[in-house]
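Take a look at the structures below.
After this come two complexes, each holding subunit A, first together with subunit B and then together with subunit C.
Take a look at the complex of A and B:
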């Protein structure tokens, strides 16, 4: 804590669970003073002369403490007490979702410190340090561009977190190929195929973050199941971005997801957003418009005109 | 007909084979070589093994001849080196020596496959390394060389898969056929 003119606010960091003694600036140790915490008077039991003593502090002790000269209520000293903890080992993860352009590293604090932390990350490869460009929009993330491909040397990333009460660091090392994990496929669409009661056409697109599908083609994993059954069916597809499910239960609504992976390296993406579809079903003959039209022509010779109705089958399914 | 697809498939098979071979060999070499985070500096001996590392733009813009030639030269070197692998020493496990021999034969097949494609496309084969005997080195340094050889092999097989991905798309099978016919096959 640097020394400023007394009336300016100071910051004092204290570790959770410790005893804290706040001095009333340069006031004499035995001078008569009054301390307030967030403008609330503190009783004399906390005082040791002009010093304020707080025992076994917790987060609720954080706040603004002000010290006033005995009788004149002249503000002598103000301090912002921030109670927190020294940082524990941060969680660090690196991933290449746009191989071979580069990879990003992101981190978080599994255990919060409640006080401001600063992070410093270093990326070493082939005994050289590589710049990790901080992401402007996403907090706790930085990005490394690959200058070279197909390296047999590992990348080593070290993250150090520091706050007023201490510091901690973590390191990971990995091969270029091990961290390749695409984003999920996009624009997944599933549609019934007319006149095919057991088929569904599924289409999707490469994740837009994947830069070079030609040189780095993805393979896909499709899973699907009827809503009424928990067991997924899977199919792996090494080419193309469409698939026809040919063994769907007629009339049953299906849930479908797709995942992606580089053809040779890395790991599978997360599952895509789930889409739903129900295979094509035959229109019930008596209720369809044509059937009804045929009846109308015969009915016109009779006294009544049959009103147009939607097929129940359809309305019931859409309502689900 | 030496199709690029078959060469790609052979590359994938070799990669799969190497995965288990490398694990066995590294555990045979023992610590620290079989520790996951072992990341030693690359020593002089291993420099002879051509590195798969390449500048991204350069790799992207390689023409088909250069791309195939780079693969051919790499595997020529790697095969030479593979034959000096420590597996010959008496303490080596017979199963390991068998796996090494099998892998070498498969790698020889890949080399032949690449040569076949190059010949079918009318490309000259690059010079192959002379079968020089490696300099006398301590056992630890020989193990270090073996470690780096396996690493480089794995990386080259990954690179080759990507190379053949590009070639599959850029070199239509008919081009291979046309050239074969024009050479009277």
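Take a look at the complex of A and C:
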């Protein structure tokens, strides 16, 4: 494998598992020298004349190597050895969470390279290249503004990753509609409804990232279950941002989440943050002893009434 | 065309917009299934990135949010008039030589043709209601049946169905957009009188 000595800042990149030979700058091949690794002397067994030979390098070999002239201990050369790997195919994904304003693409390296990588992304649509503006805050993410809406032409995004030891690239192609996935609904609140032992009022808001709810309305999917049961109940709501659960078990604490999807296209958002609520329960009355006796007998006979479950279309499990 | 009762208290336009959105959604699902079976039966590749074809209205647009309501409805209407002619041509090509025996397939095309004409009618009605000038209906595109190869006919048909599917989504957005301006009071006086007269 070819190594790439970086003459400016004496950085030397080497591939994991290969043998590395470091030259002591312009010193004569047979001159007597001493090499140190991170200021620790290296014994003569590593030397071949004035050159340092490192076998089957691994990550621990990365570091600063210095070469001193024989007796004078004069520093002749210093190099930073960086051991790593050429990049493997990067993972690339594009998504529109603020349709129809635009979409973002983000990427990561499933297998680290341990040395600096640079990324280059190109976005093509209808044979034209579109600018992908790098995100200032989020690393490995860039943003594309839709210049054209409702286009039947596919987008093609190509990402190339390069480092000193090689390069790799990946491409994805998609329709405008396919990558639309809103952010989860926000400010989900669930509250008991006074005097209703089996009801809960759930409210939420559009994700703030969704720019035009009027022309691009979302529909919602609500799932809820008592903490004591694992099976979720689902209900799909084509508009509005409130729902009353009417079949809650009396007195049981519930966990509730909401997801969102564009009414026409794309996929469901991840589930919102979970909220908890317990249906309203009657305040215990201040009873006289006689009434208390009667109360205890009736209490023991009242069974745990299972509500009739509302039938919900097969729900699309979304989100992580 | 599915007709359904107008919800009490809902203005005439909002009801017509709602019913048209309803039809568009039905159409979208039918067109998507038709496109899928079309691609399979013609042995084409659905991922083929087709360039625009003369006479096939493209749904893609650059200044979508800046278009006026009149222009918005007019563009929709002209597109669906064109699709009526194009779908008739596709049906004719399938019947005459591309898939002469596949009557079920022909019926699925015919059903979309009927939906498109119903949609065009509703759009025209909405334009009149909102007092927008209904555009002139252009004559059908000259059919040079002999000029195209079978492959070209198939590709053209795929492009027509692809663009129609895109239009069904765009049209729903257009109608939402128009509903919004209708709600914010941009209703012409006489239409308001019509809506009030129906309330009595």
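The rule is simple: the second predicted complex is superposed on the first by the 277 of 320 C-alpha atoms of A that agree within 3 Å, B and C clash if a C-alpha of one lies under 4 Å from a C-alpha of the other, contacts with A are read in each partner's own complex, and residues count from 1 in each chain.
Everything below uses one rule, namely that a contact is a pair of C-beta atoms (placed from the backbone, for glycine too) under 8 Å apart; a residue touches a chain by one contact, two chains touch by 3 or more.
All of these numbers come straight from a predicted model, not from anything done at the bench.
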| item | value |
| --- | --- |
| Superposition on subunit A - do subunit B and subunit C clash or fit | clash |
| Touching partner for A:279 - first (subunit B), second (subunit C), both, neither | neither |
| Which superposed partner A:207 touches (first subunit B, second subunit C, both, neither) | neither |
| Partner chain in contact with A:90 - subunit B first, subunit C second, else both or neither | neither |
| Touched partner set for A:25, first subunit B, second subunit C, both or neither | neither |
| Residues of subunit A at both interfaces, subunit B in one complex, subunit C in the other | 100, 147-154, 173, 177, 212, 214-217, 263-265 |
| Complex contacts: residues of subunit C adjacent to subunit A | 25, 28, 47, 49-50, 58-62, 64-65, 159, 162-163, 165-167, 169-170, 172-173, 176-177, 179-180 |
| Interface residues, subunit B side, partner subunit A - complex | 12, 15, 37, 39, 41-42, 51-56, 59-60, 148, 151-152, 154-156, 158-159, 161-162, 165-166, 169 |
| Subunit A residues within the subunit C interface of the complex | 100, 126, 147-154, 173, 177, 212, 214-217, 263-265 |
| Contact set on subunit A toward subunit B in their complex | 100, 127, 146-154, 156, 173, 177, 212, 214-217, 263-265 |
